[in-house]
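Here the structure is laid out as structure tokens; the discussion comes afterwards.
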Amino acid sequence: MTRVGIIGASGYAAADLMRLLLAHPAARITALADLPEKCGALAKLFPQFAGRIDLAVVPADAKAMAAACDVVFLALPHTASMTYAGPLLDAGLKVIDFSADYRLKTPGLYEKAYGHKPDEANLANAVYGLPELYRDAIKKARLIANPGCYPTAAILALAPLVREGLAAPSDIIVDSKSGVSGAGRTPKLLTHFPECNESMQAYAIGSHRHQPEIVEQLGLVARVSVDVLFVPHLAPMDRGIESTCYARLLQGISAADIAELYRKAYYGEPFVVVRDEPPATKHVVGTNYVHLCPTVVGGRAVVSSVIDNLTKGAAGQALQNMNLLFGHDETAGLE
Amino acid sequence: MTRVGIIGASGYAAADLMRLLLAHPAARITALADLPEKCGALAKLFPQFAGRIDLAVVPADAKAMAAACDVVFLALPHTASMTYAGPLLDAGLKVIDFSADYRLKTPGLYEKAYGHKPDEANLANAVYGLPELYRDAIKKARLIANPGCYPTAAILALAPLVREGLAAPSDIIVDSKSGVSGAGRTPKLLTHFPECNESMQAYAIGSHRHQPEIVEQLGLVARVSVDVLFVPHLAPMDRGIESTCYARLLQGISAADIAELYRKAYYGEPFVVVRDEPPATKHVVGTNYVHLCPTVVGGRAVVSSVIDNLTKGAAGQALQNMNLLFGHDETAGLE
Amino acid sequence: MTRVGIIGASGYAAADLMRLLLAHPAARITALADLPEKCGALAKLFPQFAGRIDLAVVPADAKAMAAACDVVFLALPHTASMTYAGPLLDAGLKVIDFSADYRLKTPGLYEKAYGHKPDEANLANAVYGLPELYRDAIKKARLIANPGCYPTAAILALAPLVREGLAAPSDIIVDSKSGVSGAGRTPKLLTHFPECNESMQAYAIGSHRHQPEIVEQLGLVARVSVDVLFVPHLAPMDRGIESTCYARLLQGISAADIAELYRKAYYGEPFVVVRDEPPATKHVVGTNYVHLCPTVVGGRAVVSSVIDNLTKGAAGQALQNMNLLFGHDETAGLE
Amino acid sequence: MTRVGIIGASGYAAADLMRLLLAHPAARITALADLPEKCGALAKLFPQFAGRIDLAVVPADAKAMAAACDVVFLALPHTASMTYAGPLLDAGLKVIDFSADYRLKTPGLYEKAYGHKPDEANLANAVYGLPELYRDAIKKARLIANPGCYPTAAILALAPLVREGLAAPSDIIVDSKSGVSGAGRTPKLLTHFPECNESMQAYAIGSHRHQPEIVEQLGLVARVSVDVLFVPHLAPMDRGIESTCYARLLQGISAADIAELYRKAYYGEPFVVVRDEPPATKHVVGTNYVHLCPTVVGGRAVVSSVIDNLTKGAAGQALQNMNLLFGHDETAGLE
């Protein structure tokens, strides 16, 4: 039985992880922690767990966590994660980090995007936790950089294409629409119900911090540097990301052939479904699945990709990584 | 041309008032004010007015308002309104107050509900601004206590019944469902989109401050004291209130007769529609209308009442009152 | 491994059942059927099951079902269920029916509400599948009448009160708000998105078919006949029911005592949580839980009750019943 | 007083037109018609007009319309409009058509997209009703082809850029998100509330019928042929379109210069607002405004454009055209 701790237990990604862990046959939650001002009985913070998880969220303490857990999930904002990862790793635990702190390997990229020096020592050993790309490395890792929600949808949508050298590396556009839970649990005007309900809005056009993450990972897959224009939008729904990805093709390929390419690329993947019709986010909400629909229009590939931003985009993928780290069935707790 | 000022211009009720005033043939906005920290260009506070209203919201100052306006709407929280009403009235203006400060006439009731002494001097002259009950008094008033949103829906739903003595005065239940804009524009966890979206929740069961307002007004209509059990609910929509009102009948009456009673009671009213089918809030959103569907089940009358909480429940009714105060067509700016 | 069949596999309750069965440790879906015009690959009917359930929905045939299954869930409209229940029972299977066909025991009541003669023979042996009331009988049953969604929320909210004789039996009001999935999957104007989105509306005031079911069951609990005024409302959300229940108290009782009464009444129940604050439907969506908040206002008890209409209100409760029927852990597949 | 008739009065665009006409100072509705099966009292078809418009929708008859009206709006699907336009024009009326029947001038394009021969005779005299491009021609026209909703948002977003020759004509992508009212009022599974609520989905990727309309109009503005990749998405909201438009730039231009270009291009336009921040659809819902935010990322212009699909995307623009046709103030009834 894998003993699980969560630091940052008051946020939405943590709540989704707890939802999933309740049904996991070989793991149980043994410790919940957060910043002191966010602590209290879990059932007060999240009434959906009343009668189901009888734990308090206590102020985060690496030593206490180390004593109670085999693995700790850091559901924290960037720069906060790096204060806990080192001590937990030193204590012999495995760590799965939801923040961006261990995702960007290119020297200087993290500091440029997040305005803070990275934790170089541990960054060197971190593995980017996208099982479809790095399953073997994940199994042997001790520190997992769990991918961002937008990058998960975009990378899985584009990887087969750039791996084969079919896409012009500097002519890729990712137009994404995300549910509001992606903006976190702290109330602000933008996400106040009467402001964002019944409304669509672009934001951070060309300047979102997930852009360098997408660029770095697609570059690794392509083995050449790529450029991506990324435009996220806020959509009036709780959960889900739809990303429509546009890539100029370097050679003619039919819609049927591109679908075949994707089916082969993801053959055997437990959570990737390649479909003939554009998927709806509703088809994957609450699950760890990504649905992809690749097609060709004129000289461009158009791939629509949907995930649940909190599950495959955060907690579900993290659990998939935990399963790989501990030798559980990769899908345990995810069906 | 009636010159209009608004204090509290950064809130939703004020925004709805501005929306309506843009189409008013005989009034124009001449001054917008609010607390200092809520000031700035209107188009920054409410981008929907970009290119339409080129005014700044400035720190509230009664003297400046008095010089620029014929009437001032106070779109402020309770106790804030009473600091402005007096000076504006003294300067000869007419005042329409959206808060509860001048609604409760029964001695002690305001202080009990709101924890603050009322402004006795002006309270004595205030008229409760429900035109369907007090049209003549409104025309002659200088200070209007604009009704609360829940009371508007509930009082109009029950007035014909209690006026005729048909309802047992101590056996009235009002079960109301309100859109989230009713909770105001200040972000908080309860109204954070991922918390209240896709959810229904009762709140303030039997303890909401609109209950004494409903009780006082229905008592005046009934000419005996009444008791009301009021339970509001938060509904996942921007605007609209549906109130299902239950009243035990003191004598047998058919559904047809009760419908006839309501049609007679509201004959000629420009904004009240009596219908045979339960109305949807969507039928009145954006308008100053109330739709009522009275019926009888067993020994009880059941009346479903819908309004837009920001329009008939606040800004639209306020404008209706302004029209009465200044001799405009009562429906001006409201079609 | 319990082999499960579903007739009526193209509807929402069936889909929720499949979602739950995917995580059940001791049951698997072996047959899916529906009316001929509703058949096809499951992944076409419900894309959320693409890659997860590789079955076709075939025309319903009792004999084929009997050969492949140990239990059949009838996710069918009333009168359709009774054509399948008999043959399946005769073939030795257990049957859990989602329709109203086996819920009403009072002679004449079914025919009055549904305009059709009941299946008297099997009705006599059917057990009303509310485990909190009839757990022991359910364990021994072969035919379960799975409760309606509104009745589940209302009966659990009121049972402790009427069992103790605290509520005046003829002075009970249930005001319910349901998500749109409760209206089924057949498109119609009322549930067309731009009609019901952002809107609240009462319907079937005093005439909904779930009223006799609530009345009959509460009467059995109370051991006297009761009367209930039931008013359902359509709320703009996918799932969830909130029922605010009003009952006149026959004797004084404090809010604290009523809470204590409810905690005792549901002590040990795996899916009932008694809370001090009014619950939100969001706290239970996707789960088999009911959250109850009982309180007292004036001379009335007010109980707010929330469930997921598709889970505790249909598929989850059905699975709880299946677990009882087959000796599985009652919560299997429900965490 | 302009006498207005509407054929196709049972649909959403017609309802929005009626909403606007109620506040128009110089026009009134004199006749409402539709297909025989869609007729009846307007207040039954659209309860929001109960007590406000006391007219019946009657079976469409060109002769009767001609006698009662000065202008007729055809709120009909394509191919239906062309059966009414000719007779109404012959009778001396002016006609504003919401369908695609008179929008496409390029020979063969209408037939290719809509599978039906166009009405060549009247097509020759029709004017594309986008006032920002064709104001003078509209004033003199008798038959207006009111633009599609997606084309309105896309053309206004891209016209300044292609007019100046700044955009590579074959490298334009329009990624649009529309509220569900854009799909019409006929219930179907895709727009059944529990299917499309809380969900985002691409559809008709590269094959939507509005694509040739965008291409033709942008080509006219550019004076060279252009190519556009258009991908619409269904968003879970009633109204509003957000289009994010991507165009590769043929020469370097700063974000400030592109904003200046747009401000000059739309100087004096009553309904176009150029903004520095990405607009939300909520900022324009219910109004005839388009908000545009142009910027530059890498070598591409990115323009976010929002409209209300039923107002500027249909009924509001049609009313703006009517005002131009009849010499009313262009903004009459639109504030």
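Descriptive notes on the structure:
By written order: A, B, C and D. Residues from 1 in each chain.
Convention: a contact is a pair of C-beta atoms (placed from the backbone, for glycine too) under 8 Å apart; a residue touches a chain by one contact, two chains touch by 3 or more.
All of these numbers come straight from a predicted model, not from anything done at the bench.
The minimum number of touch steps separating subunit A from subunit D is 1. Compared with subunit C, the chain whose C-alpha mean position is the greatest distance off is D. Centre-to-centre, using mean CA coordinates, subunit A is 46 Å away from subunit B. For this pair, subunit A with subunit C, the centres built from the Cα atoms lie 36 Å apart. Inter-chain centre distance (subunit B to subunit C, centres taken as mean C-alpha positions): 39 Å.
In subunit D, the positions touching at least two other chains are 179, 196-198, 236-239, 279-280, 282. Those residues of subunit B that touch subunit A in the complex are listed here as 12, 179-181, 185, 187-189, 191-194, 196-198, 236-239.
Contacts from subunit A toward subunit C in the complex involve residues 22-23, 25, 47-48, 50-52, 198, 272-273, 275, 277, 279-280, 282-284, 286-287, 289, 291, 335. Residue ranges on subunit C touching subunit B, taken from their complex, read 173, 175, 177, 179, 195-203, 205-206, 227, 229, 231, 233, 235-240, 242, 244, 246, 278-282, 285, 293, 295, 297-298, 300, 302, 304, 306.
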